[in-house]
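Two complexes, one shared chain (chain A), two partners (chain B, chain C).
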Partner chain A sequence: MGLVDKNLSLRNRNKMLIGVWEDEDALLSATQAVVDKGVHIHDVFTPYPVHGLDRIIGVKRSRLARIAFFCGLTGLSLMFTMIWYMYVKDWPVNVGNKPVRFSPSWIPVMFEGTILCTAFGMGIFFFLRNRMLHGIKNDLLDERQTDDRMIMTIETCEGMDEKGLIDLMKEKGAVETREFHQGVQTVI
Partner chain B sequence: MGHGHHIEIKQETFSMPSKAKSFTMILMILGLVLTGIGIATIDKTGAGHDAHQTNTEHSATESHEGHEAHEGGHEAHAESEHESGHSADAAHEEHSNVDNEAFGPRIEYHAQEKPWTTKIWSNLLVAGYYFTMISLCALFWYAIQYAANAGWSVTIKRVPEAMLTFIPIAFVVVLIALIFGKDNIYHWAHYEHMGLKPGDTGYDKVLDGKSGFLNTKMLFIFPTVLIIWWYFLGNKLRSLSIQEDNGPKGDTSFFKKSIRFSAAFLVTFGFLISILAWLFMMSVDAHWYSTIFGVYNFATHWVSSIAFIAVFVIYLKSQGHLGLVNKEHQHDLGKFMFAFTVFWAYIWLFQYLLIWYAHIPEEMMYYQIRYENYKPFFLGNFILNFAVPFLFLLMRSAKRSNWVFPAIASVMIIGHYFDVWFMVMPGVFGPGAHIGLLDIGVFLFFLGLFVYWTLNQLQKRGLVAMNHPFLEESVYHDTGV
Partner chain C sequence: MIHDSLIRERLVTGDKTAADVTRDISRPILNQPSSAWKIGFTLSLIFLGIFGVSLFWTVWTGIGVWNINKSVMWGWDITNFVFWVGIGHAGTLISAVLLLFRQKWRMSINRSAEAMTIFAVVCAAMFPVFHMGRVWVGYWALPLPNAFGSLWVNFNSPLLWDVFAISTYFSVSLLFWYIGMIPDIATIRDKVKTKTAKFWYNFFSMGWTGSTRSWARYELVSLILAGISTPLVLSVHTIVSADFATSVIPGWHTTIFPPYFVAGAIFSGFGMVATLLVVARKVMNYENYITIGHLEAMTKIIMVTGTLVGIAYLTEFFIAWYSVVEYEQYAFINRATGPYWWAYWSMMSCNLIAPQVFWFKWARTTPWFIFIMSIVVNVGMWFERFVIIVTSLHRDYLPSSWVMYSGSLTEVGLFLGTFGIFFTCFFLFAKFLPVINMSEVKTILRNRE
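Moving on, here comes the complex of A and B:
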C-alpha cells in the first residue's frame, strides 16, 4: 500500500457514470437504491457532510486515529529527548535549586510537543493519503461540487447495465447525468 | 442507524429488578457492617497518632517540630547556621518564630489528639460532599444540554434527571458531619472558639485574617442557600420535563422555559461552585490556599458524574430498556468522559506545578504532607484517575464495549471518591490517616443508597422524553463510520 491513495485518481480508471443532485435527501435515497441493486458506488462528493451517507456507500473506518496515536508518541519522546539533552546532558542550569532531572516543569513541554506532532502529523498524513498535495491536479467533476451540488460516481465494468443505472439516477432526482472517461465529460 | 430504516419511538417504563434491589441493599448492609466493625475497632484512646507528639500547647518544641516538618528544604540551611555560631543560631530562632506565627499552630493541630469520632464525621463529610457534587454535576450536565441546544442526549436525559434528586439527601449528610465534627475536622473552627487576640500566645494571624470568610455562620449558611437555590432550579427543570411529557404534542414552551432555568443554574453554578470547595475541602488545610482548587474539585466530580451517567445508561440498556439509545450515544458519553479525564489530570497537575515552581513554603504544605507521608496514595490517585482511563478510553472499541467502558467508569467512580478522601484525611489526621474498614464501609453504604435512590427515581417517569423537540434527532444520532 502506497502512502498516497491512487484509487482516488479518476482519470486512470474505467469509464465513470456521474449523477448530480441538488438535494441531500434525494441523494441519500438514490445511493440506497443503487447499493440495493448491488452496484458498488465509487465515491460521493458533497460540499458538506451528509448524515448516514458513509454507512450507505460502505466507507471503511479511517485509520487516521492510529496515525495520530503514533504521532503523539513520537512528539512525546521527541520532546523528552530534547529537554533531557538541553537541561540535563548538555548544559545543566540551576534554576531556583530545582533538581536537574525529570521534574514537573518538563510536563508542559512534553504535553505541547505531543499535541503539536499529533496535529501536524494528522494533517500531513491526511493530505498525503487523500492526494491533496500541491502539484497534483484532481479532476473536478462539477464546478459546483464544493458549493451546493452533490456528485455520485460509479465505476463501470464489464456487463454493467449502464442505461438502467442512468435511468435509476434520473428517477431518483438526479438533475444531470454524465459520463467521465479519461478526463472527458459528456452529458448523457 | 442511518436513514436506511425507520425507528419506532415508544414510551418505556422502568421497574427496578429484584436483583438490583437486593444488590443495592447488600451494598448498604455491607457498608453498614463494615462501618460498624470499623467503629468498633477504632482505637478510642486516641493513640493512633503516636507517631507525633500530641501536645496542644504552643511550646517551643513544637515550633521546632513544625519548622522541620514543613520546611524540609530549609533544614540543611538551618544546620549550617548551627555550626557557624551563636549569632547565626539566634537568627535561626528568630526565623523559626516568624514561621511559627504564620504556620505554626496548624502543624500542632495535625498532630493533636482528636476524639475518635472525628474519623466518622470526616468520612461522612467525604461521602456527603462527593455525592452532593455528583448529583449537582448531573444537574449541570442536564442544564448544559439545554443551554447548548444539544440533541444527541435526549434519549438519556432521564438518567441525570433522576440522579439530581439525590442533592438534598447528600447535603444533609454533609450538614450532619459538619454539625458534629466541624471543630475537629477544621482547625479554623477550633481556633474560632479560642477567641484569641493579637499578642496572645497561639494567636494565628492567617486564621484571624481569613475569619471574615472562614467562620461557622458562613460554613452553614452560604452552602445551604446555594444548595437550596440549585435544588429549586433542578426541581423546576424536572417538573418542566414531566409537564412536557404530559403536555400537547409539539409544544415547545416547556423546552424554551427549560433553557432559561438552565441558564440561571449554569451562571450561578459556574460562579459559585468554588465556594463549596473552599469551605468544605480547602479549609481543612486552612492556612493553605490554591486559586485553582475550586476548578479541581469541579473537575473531579464532573468526570465522575459522567461516569455514573454512563454506568446507569449501560445498566438500563443491559436490562432491555432505553431501546432508543444506540452505540453512538454510548460512544459520545465515552468521549465526554475521556475529555474530562484529561481535564482532571490537567488541573490536578497544574495546581501542583504552579506551587512547585513558585516554591513558597506556605503553598506547599498541602502537598508536603500528602507527598511525604502518602507517596503511594498520591501517585495511585494519578494512575487510577488518569493513566488507566486515559489509555483505555483512547480506544474506540473500549468506549463502545459493554463491559470495558462501565469497568473504566467504575474505576473512576472509586478513584475520584478516593481523590476527595485524599483532600480531607491527611489534612485532618496528619500522617496517621489510612483507609480502614470504616472508610470503605461509608463509601459502600452511600454508593448503595445513591444507586438505589436513582433507580427508584427512574421508575417514576417514562424513560423517553416523548415530547422533547430534539427526540427525533437523538434517536437518529449518528456520528458516522
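Moving on, here comes the complex of A and C:
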C-alpha cells in the first residue's frame, strides 16, 4: 500500500452514485442499509465528524498512532545522541569534577525533542496519508459538503443495481441523488 | 448508546442548525469589518507602535535603558516573560486537557484560546531574547558550535531547557491550532467569493473535503496531539519555574515552584480567556455559542486554580519558617512587610482573596462582573511574578548590594507594547479565521450523550 491514500481522489473512477443528506441520523441508517445490501460505499463526506460512520463503511483503523510512537523514539534518540556528542564526546566540561555522562539534567531537552518529533513526524505523515498539500485542487462534490450537507458516494461496477440503490437512498432520506462521471454531475 | 440528554443544559443555545453555525461564525470573515473591530485594531496598532519604539530604543542604546542592575538583574522583562507564558497555557489546557477529559464545553472556546496561546508565547519570547542584550547573536542560545571553537551550550542550565521548551511549545501549539482549523478553513474556502480570498483559503485548507477517512485520521491525530501537549504544557511551565528554583536565591530555591507555577499559569490563562471572550461574545454576537454556562465553567476553574496558588503562597511561608534558614525566612518576611509590601498584598488580594467571590452563582453568571474579575486576575498574576523576581533579588546576601528597583519608561513601554502585538494578532485572527471551531460545535448541536 502506498503512502498516500488513493481513495481520497475521485479522478479516473467509474461512474459514481451520489446521495445527499442533511440529517446525521438518516445518513447513518442509510449507510448501514447500503452496506447491508453488500454494496461497498466508496466514501462519505461530512462537514463534521460523524461517529460510527467509519466503522460502517469499513475504514481501517489508522496506523498513525504507531507512526507517532516511532517518531517519538527517533526524537528521543536524536536528542540523546546530540547531547552525548556535544557534552561528552566533543567538549567535555568539568563542572565540580562531576563525571561527564548521562545525568537527569539531560531529560528536559530530551523530552522536548521527543514531543517535537512526535508532533511534527505524525503531522507530516497525517498530511501525506490524507493527500493534503498546500494549494492542492480539491475534489469537491457539493459546495455545502463543508457546511451542512453529507454526501455518500458509491463507485459503480458491472452488474450493480443502480436504480435499486438510488431508490434505497431516496427511501432513507436522501434529499438529492446524482450521478458523477468524468467530472460531470447529473441529478437523477 | 447515544441519546438526547434530558438533564444537561445545552452547550449551544438558540436551536442552531449546522448551516446557522457556518453563517454565524463566518459572518465577520465574509463581511466588511465592523466599526468596533476597526477601533480595536487601531488601538492595538498604536500599542504595537509603542512596542516598536521601545524595542528600537532598547536595541539601539543597549539594555542599560532598562532599570535592571547588578542585584535586580531580572526585572520587568522576566516578569513579563513569565506572565505571558502563563497566559498561553490556558489555550493548551482547554484544547488538550479538556479534550482528554471529554469536556465538550471546550469546543466553543478552544480555537480562540489556542490562538491566544500562540500570540502570548510570541509576546513572551520577546523578553528573554532582547534581554540577551546583543540580540544579533541570539542564535548562540541554539546548540551550534561556537564560532571560536567547539564549545557547546550548557545542558545543565534551565535557561537552555527554556530555549527548547518554549520553541517546542510554540511549534507544537501552532501545529495543533492549524490542524484543528483546516476543516473550518475549508468551510470558509467554499463560502468566500473573491478570487484572492479563494486562493488563500484554498491554499491553507490543503484540499480538505471532509472524507470519512480523513475525519477518522484527523480525530486520532487530535487525540494524540492532545495527549502529548498535556505533558508538554506541564513541562514548559515546570522548566520556567526551574529558571528560579534551581538557583540558590532565597525565595526562589523551593521545590513547590513547578506545581505552583503550573496552577498559576492556568489561573492567569483562564483570566485572559475570560477577558477576551466576555467581550468577543458580545461584540461578535456569539452569545448562543459562548453561553453563560461556558463563562461559569471558566470562573470555577479560575476559583480553583486561584485557591491553589493561594495555598502555594502560604505553603512557601510555612516552609520558610519550618526550614529554620534565616535567609529564607527573611526573604518571605521582607516580601510581606518590606518595601515591596504593596506588591505582595496586591498579589494576595487579587489571586487568593478576590476569586473566592466565585463561590456565589451571581458572580459566576454575570458577564460584566466576570470581565472585571478577569482583569483583577491578570493584574494579580503580573504582581505574582514581580514579587517572586524583584523581592527575592533586591536584598542580596551583602547589605551593600541592597537596592530598590522600578521599571523605566522603556520597560513599561515594552510591556504595554506586547499588548499591542497580542491584540493586533488577535484582531487579525478574528477577521480572517473562524473564532469558534465550527466543525466541532456542529457535533454538539443536538446535546447528545
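One rule holds for everything that comes next: the second predicted complex is superposed on the first by the 181 of 188 C-alpha atoms of A that agree within 3 Å, B and C clash if a C-alpha of one lies under 4 Å from a C-alpha of the other, contacts with A are read in each partner's own complex, and residues count from 1 in each chain.
Rule of thumb we're sticking to: a residue touches a chain if its C-beta (ideal position, glycine included) is under 8 Å from a C-beta of that chain, and two chains touch if they have at least 3 such contacts.
Because the structure is predicted, anything quoted here is derived from the model rather than measured.
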Touching partner for A:12 - first (chain B), second (chain C), both, neither: neither
Chain C versus chain B, contacts on chain A by residue: C
Touched partner set for A:32, first chain B, second chain C, both or neither: first
First, second, both or neither for A:96, with chain B first and chain C second: first
Which of chain B and chain C A:137 touches, first, second, both or neither: second
Chain B versus chain C as contact partner of A:105, first or second or both or neither: both
Contacts of A:122 with chain B and chain C, given as first, second, both or neither: second
Shared contact residues on chain A - chain B and chain C: 49, 51, 54, 59, 62, 65, 103, 105, 108
Touching residues (chain side chain C, partner chain A) in the complex: 2, 17-19, 22, 143, 149-156, 158, 160-161, 164-165, 168, 171-172, 175-176, 179, 182-183, 186-187, 189-191, 202-221, 224-225, 228, 231-232, 235, 239, 242, 438-440, 442-443
Chain B-facing residues of chain A, complex: 28, 32, 49, 51-52, 54-56, 59-62, 65, 69, 96-97, 103-105, 107-108
Footprint of chain C on chain A - complex, ascending: 5, 7-8, 43-51, 53-54, 57, 59, 62, 64-65, 68, 72, 82-83, 86-87, 90-91, 93, 95, 103, 105-106, 108-109, 111-113, 115-116, 118-120, 122-123, 126-127, 129-141, 143-148
Sites on chain B touched by chain A in the complex: 1-4, 73, 349, 352-353, 356-357, 359, 394, 396, 476, 478, 480-481
